[in-house]
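In order of appearance the chains are A, B, C and D, and numbering begins at 1 in each one.
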Amino acid sequence: MQGAAETLFFLSAPLSFCSARPSGALTLPHIQLSPPMESYSWEDLQNIFLMQGFAGISLFSVLLLMGLGLAVIFGQMGVINMAHGEFMALGAYTVYLCSTLTAEYAPSFGPYYFVVAIFIAFIVCALVGAAVEWLMIRRLYHRPLDTLLATWGLSLIMQQTFRSTFGAREVTPTLPEWLMGSYSPKEGLDIPINGMFVLGLAIAVSFALLLFMYKSSFGLRLRATVQNRKMSGAVGINTNSVDRLAFALGCGIAGIAGAAFTTIGSTGPDSGSRYIVDAFLVVVFGGAASLMGSLASAFGIAQAQSILEFFLEGTKGKVATLLVIVVALMIRPQGLFPSKVRAH
Amino acid sequence: MSDRNFVLEVEDLGVSFDGFKAVDGFNFYLNRNSVHVIIGPNGAGKTTVLDLICGKTRATSGSIRFKDRELRGTREYKIVRLGVGRKFQNPSIYENLTVLENLELSHPTGRGVFGCLFFRRTPEIMGKCLEIAEQIGLADKLDTEGGILSHGQKQWLEIGMLLMQNPEVIMLDEPVAGMSVRERQETSQLIRKISQNRSVIVIEHDMEFVKEIADRVTVMHMGKVISEGSMETVQNDPKVIEVYIGH
Amino acid sequence: MKQRTPSLHRRLLPVVGLLALSAITASAKPPTSEVNTTGLAVTDDTVTVGQLHSATGTMAISETGSIQAEQLAIDQINAAGGVLGRQIKVIKEDGASDWPTFAEKAKKLLVSDKVGTVFGCWTSASRKAVLPVFEKENGMLYYPTFYEGLEQSKNVIYTGQEATQQIIAGLDWIVKEKKAKTFYLIGSDYIWPRTSAKIARKHIENVIKGTVVGEEYYALGHTQFGSLINKIKLKKPDVIYAIVVGGSNVSFYKQLKAAGITSAKQTLLTISVTEDEVLGIGGENLVGFYSAMKYFQSLDNENNKTFVKAFKDKYGANSVIGDVTQAGYLGPWLWKAAVEKANSFDIDKIAAASPGLELTTAPEGYVKVHPNHHLWSKLRIGQWGTDGQAKVLYESELIEPDPFPKGYQ
Amino acid sequence: MIFFRTLFKTKGEAISFAVFVALIAIILPLALPIFRLNLVGKYLSYGFVAIGLVLLWGRCGILSLGQGVFFGLGGYCMAMFLKLEASDPVSTSIQTTPGIPDFMDWNQITQLPWFWEPFKSFTFASCAVFLLPGLIAFIIGWAMFRRRVGGVYFAIITQAIALILSLGIDGNQGFTGGRNGITDLKTLLGWDIRTTGAQYTLYFLCVFLLLASALLAKYIINTRFGRVLMAMRDREDRVRFSGYDVAMCRTFVFALAAMLSGLGGALFVLQVGFMSPSLVGIIPSIEMVIFTAVGGRLSVIGAILGCLIVNFGKTAFSEAYPDAWLYLMGGTFIAVVMFFPDGLAGILDKSGTLKAKLSTLGTGLMKKLKPAESAEKASAAVAEIPKTAEP
C-alpha cells in the first residue's frame, strides 16, 4: 500500500511547517484542529455554527448549479462535455456585456439588469450549445470518449475567443448593490446575500428542471430517447431534435450557473476550467443518470468540503475531499443513485 | 441430495433486483452428458438463471454446485476455467478477427497475462482449431473475418469457441433464434453431437426444436420452476398449459 | 553576426556624417566589435533583446501589463536614439504560463537568437525555471515582479521589491495606525505567499510582539472561501494580511464583502493587489482596504504623470498601471543605463556596471541598483477607492534590498 | 525470424519503422542544432506516455486522463535523486541547514524527510522511476477494473487523481518544492548533464529507450495478448466467458503504460533539467492524449510522431502567432477526432489497409480451393497470412 501511504502523507503532513512556531514545528506529523474551541464564547460558536452551515449550503448550491447542466448532458445523453466550464464562462461574460451595456445606455436600469442578464445568459448559451450540437456533437453520440476529446478542443477555442474578445485580464460586471451585502439579523452573524441568491437560483433551476424532465412532454421524450433510442425513433420521436434541445438545455443551465457565479467569483478566459473537475465529480458521484443523485452528491461533497476546510487548512481540505470522493467511487463506481435500467 | 450423476446442482437459487424477485427458489439438477432445456414465457427468468450460474449476476440466495464445488461468489473467468461455458443470446464473436483467430483465442492455453504474451501457435492448438472448425462446419471459412459470416454461422462459431475450452457444461441462450430451417437442423445435430461427452443447458422457445434435442425439460414462470421432466410429461402438465394459454 | 571591418566603417563615416543628425548619432556610436565581444545579436544599427512573458494561459492576466510597459520603454528609448546609437529590436516569446515552455523559450532566445538581455517572467516558478538557463548561457534577465527573495544571481536584475522591502515597513505602519496586535495570514499556496507570510510572522512575533491567530494557504484558482471567512470571524483578528493571487483574489474579496467583512469593521492589508487586480475584483469590493506596494498609479510626481500619460496614449484611456507594470517599465531603462555606463552590450560588463546605477526618471521616483542586483526603493501604503485607484497614505524612506534577511529565515 | 514477424506483420510496417528510426536517430541529430535537438528529446519523452496510451486507449479502449500522474512520479523520482546530488553541503553552504535541497531550507525544514532518504541511491531512484508508477497504477487499476469501472468513469476518476496529486505537490512545498517544482538540477553521478555533449548522450539514450519501448509495444500488440486486448475492447463479456481475467489484463496494461510514462518522466527531467507540478496535472494529462490522438491512437509510431508534430507546431506557431495557436490546436483536435479518429497514421495507412485486405482475400480464396489437410500445413498457411493491416 505504498500508493496510499504516498497520498496520505499529503494529508498528515504538519499543517504549519512553514511557520516555525517556537514550540518546535517539526515534531511528528499531526492533524491539528485549527480553531481551538475552548476559548470562544457560546454566542460566537453559535454564530459560527450557523454561518458555517450556511457556507456548506452555499457551496452546495454552487456545486449543484455546476452539476445540473452536466447532469442533463452527461447523465442523460452520455456526452462528456469538457467545454462545460467554458459555457459557464460564456454565461459570465454575457452578464459582463449586459452590465457594460446597461451602464452605457440605461444606467437607471442598473439595480435590476442582473436578473434579466441571467435569462439572456441562458438563451445565449443555449443557442451556442445548439449550434455546437449541430456542428459537432451529433456526429459523435456513439463515441462517448471522443466527445470528451472533441469538446476539449472546443474549450481551447472558446477560451481563446474570450481572450481575443474581452482581453486576457479578468473582468467584473458591476453588480447591483442589493446583491453584495450581507443579511445580519444580529451582531456577529452575517449571511451573505449573494449566497442566498445563488441558493435560491439553484433551487429554482433544479425545481424547474425536475418539473421539465418529469412533467413535460419534452422530458418524456428525452427520457424515452435515453432509455431506448431506436425504439423512440420508431414511435415517432424526433430523436435528433430531442438531442439538440437537451444539449442546448444543459448549456443554458451552465450559462445560468456562470452568470450566478459572477457574484462570488471571477470572470476570465479560463475561469471555466476551474469548475470542470468539480462539476464532473458531482455528476459521477451522484450516479450519472440520476438528477436526484446529482442533488444528493452536490450536498454531500459540499458539506464534506466545507467542514474539512474549516478544520484542515485550505488545500488540504480540498485534497481530502477529492480523495474521499475518489475512494468512494472506487468502492462504489455506480455512484450514489445508480441507474435502475437493466444493463445488457 | 448429492447424487454423483449430477454435474450441476442448483438449489433454492434466488435473486432480486430492487425488491423484484427475478428468480426465486429455483432448483435444478443437470445430468451428465445430457441436454437439458429451460423453457418458459418471456420474462420468466431463464436468461437470469444462466447469468447466475456463470457468475454474471450475483445470486442473493441459494447455492450452485458444480462437481461439488460452490460456484456462487466465484469470479466469472474462474467459473469458465472450471469448465462451465456460456453462449449469449446475440452472437458474441470477435468481428474483426478471422474464424481461426476467434477459435484460437478461445483455446485454454495461456489465458494469464504472461501466458498470452508468450503464447505460440503449436501444431496441437492448430489441430484443435481445425477439428472444431470441422465440427461446426466452418472449416472452409478459417480466414474469413467473423463480421462477415451469416447469422447462423456466427452462432455456430460461438458454440465452437465454447467447445475449444472443452467445458463440461455448456449453456446456450436461444441458439437457433433467427435461423433458417436447414440451419436449425444442423444446429440440433451439432447439439446432440456435443452432448455426447458433456452436458448442455439450452434456453429455447421453439418447441419443435426442443422436442428434437431435449433429454429433460424445465419450465419456468415468474422466476420459479413450475414443471420438470421429459418433454412429454411437461407438455401434459396442466400448470404448464395454463401458463402458456394464459399467456 | 556580420561585423563590418573598422576600415569600412571609417570609409563610410564621412558619407554618413553629411547629415548633422546622423553625425551626432555616429559620434555616440562605438563600433560593434568594441561593444559586443561575445557574439550577441548586435549590429551597427540594431541591438536585439528578448521579451519572455505569458501572452496566453492563466498568467496572461497578470503579465499583460509588464509586456506593455516594457514595450513602451523600448519604444521611448528607440525614439530618443536607441542605446549606444542602436535601435532596439525585440523578439517576443510566449511562455504560455507553462514553466517548461519558459525554459525552452529562454534557451531559444539566448542560444538561437543570440540575445543577451531578456525582459521577462512573472511568477517565481517561471523565474526558477529559466534561472539555470540564464546562468549557463550567461544572459541577463530583468525580472519585474515583487517576489520572495532568497535569491541573488549575477544574471538577474530584480526590478520589483523583494519580500522584506514590501512587508516590514507596511506592518510597522499598520501597527502604528491601527494599534494592531493580532493578525490572520492568508495566502495562495506557493513560495512567494508562504515566504512572505513567514517574514511577516517573524516580524509580528519578534519585533511587533503581536500574535498570528491564523495562517492558511489555498490552491491557486481556489474559489470558495466560505469556511475560511467563518474562521476569520471566529478569530476576530485586528488585521487580515492577504497574499492571495490570481483568480482566487476575485472570489476572496467578493465573498469577504458578502459576508459583511468590509473596511468599516475590519482592517485588511494586502501585498498582492495592484491596480491590475482591482480591474478583476471591482473597486467596490475593496473600498477602504490597504495595499502595500512601491508604486501606485495615483502617485503624485512629474515622472509618474508623464509615464501614465504615455501609457494611456499608447494603450487606451481605460488601461491601468500596477506595481509590476511600473517595475517592468524600469527594466529597459536600467539596462540602457548599464549598457551606456559599461559602453558595451556584453553581459558580464552590464552585470558589473549595474550596481550603483541610479534612475531619477523612474515613475516611482528615485531608484538605485544595489550590489545584490535588487533595487533600493520606497514602500507606500495605498487605500483603495471605488474607482479602482488607491489613495497613497504613507511613504517610507528608501529601503535597502535584503534578499537573505537575517533573523527572518 | 518468428520474432521479427511478431514485431512487423507486413513489409510496409518494417519499412515505416526503419524510416522512423532513421529520422530520429540520424536525420534529426544531423540536421538540428543541439538546442533544437534537445527540444526533440523533450518531445520524445512524451512519446513514452503516447506508447502507453496506444496500448491502453487505442488497443484496450481505456482512456486515462491521469497519465501525467505517472509521468510526474517518474520525473519526480529522478529529480529527487538529482536534487540531492546537487545539494551537497559545499554548494548549499549559505543555507541555514546545508546539505538539504534549497527549497526545504526556505521552508524551515532542518532535516531530510524520511521518504527522501532512499533517493540518495541511484539504483533505488532509477528503479523507482518505473516501479513506483507501476505499483500505484496497479493498485488503482486493480481497484477499479475489478469493479468494472471503465469508459467515462475511469477517465474522470483518473482526472481527479491527477488533480489530487498536483494539489498535493503544490500544497507541500517543503517536501516537494511546491509549485516551483524541483529546479536547478546539475549533475548525474558527477556527470554534468547541462553540457552539449551530455545533451547529445541523453538524446540518444532517450531515442534508444524509446525505440526499445516501441518495439516492446509492437510485440505486445502482435501477440495473443494484443488480440485479447482488442477483443476485450469490443466484446468484453465474450473474453471474460472465454476464461480470461479481464480485470487483470487491463490492470497489467495500465501498470505497463504507467511504467512507460514514468520512464518518460525521468528522461524529461534529465533533458530539461527540472520537474514541476505543471507536468502532473489535468492539462498535461489531456495534452498527452491529444498528441496520441493526432498521431493515431492505434499506431505506436504514429503516436510518437504525434508528440513531435503537435509540439513542433506549438513551438513554431506560438513563436509566430501566439493567438492563432490555440485556435489551430483546438480546431485540429476537433477535426482529428471527428473525421480522422485513427489520426495521421490512419490517414497514411488508408491505402495500406486496402492492399492488405485484398491480399488476405486472395490467400483465403487459395485456401478454399486447396483445403489444408494437416494441422502443420494449416499452421504454416496461417503464419503466411498477413493480418488485417496494423495501422
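Here is the rule we use: a residue touches a chain if its C-beta (ideal position, glycine included) is under 8 Å from a C-beta of that chain, and two chains touch if they have at least 3 such contacts.
As the structure is a computational prediction, the values presented were derived from the model and not from experiment.
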{"item": "Most distant chain from subunit B, judged by the mean position of its C-alpha atoms", "value": "C"}
{"item": "Selected interface, A-D versus C-D, where C-beta contact pairs are more numerous", "value": "A-D"}
{"item": "Distance from subunit D to subunit B - Cα centre to Cα centre, in angstrom", "value": "42"}
{"item": "Euclidean distance of C-alpha centroids - subunit A vs subunit B, Å", "value": "48"}
{"item": "Chain centre separation in whole Å, for subunit D relative to subunit A (CA means)", "value": "32"}
{"item": "In subunit D, residues with contacts to at least two other chains", "value": "107-108, 167, 170-171, 323, 326"}
{"item": "Shared-contact residues (touching 2 or more other chains) in subunit B", "value": "none"}
{"item": "Residue numbers of subunit A (touch at least two other chains)", "value": "18, 20, 160, 163, 315, 318"}
{"item": "Touch list for subunit D against partner subunit C, complex", "value": "33, 35-36, 38-39, 42, 94, 96, 103, 106-108, 167, 170-171, 173, 178-181, 183-185, 194, 272-274, 276, 278-279, 315, 318-319, 322-323, 325-326"}
{"item": "Complex contact set, residues of subunit B against subunit D", "value": "54, 56, 75-77, 80-81, 85-86, 88, 92-98, 100-101, 104-106, 108, 110-113, 116-119, 121, 123-124, 126-127, 129-130, 139-140, 142-145, 158, 161, 165"}
{"item": "Residues of subunit A defined as touching subunit D within the complex", "value": "1-4, 6-7, 9-10, 13, 17-18, 20, 25-26, 74, 78, 80, 136, 139-140, 143-146, 148-150, 152-157, 159-160, 163-164, 277, 280-281, 284, 288, 315-316, 318-319, 322-323, 325-326, 329-331, 333"}
{"item": "In the complex with subunit B, residue positions of subunit D that touch it", "value": "220, 223-225, 227-228, 230-231, 234-235, 237-238, 240-246, 248-249, 252, 360, 363-364, 367-368, 371-372, 375-376, 378-379, 382-383, 385, 388"}
{"item": "Residue ranges of subunit C touching subunit A (in the complex, touch as defined)", "value": "55-58, 60-61, 64, 189, 194, 197-198, 201-202, 205, 212, 214-219, 221-224, 226-231, 233-235, 247, 249-251, 254-255, 257-261, 276, 279-282, 284-285"}
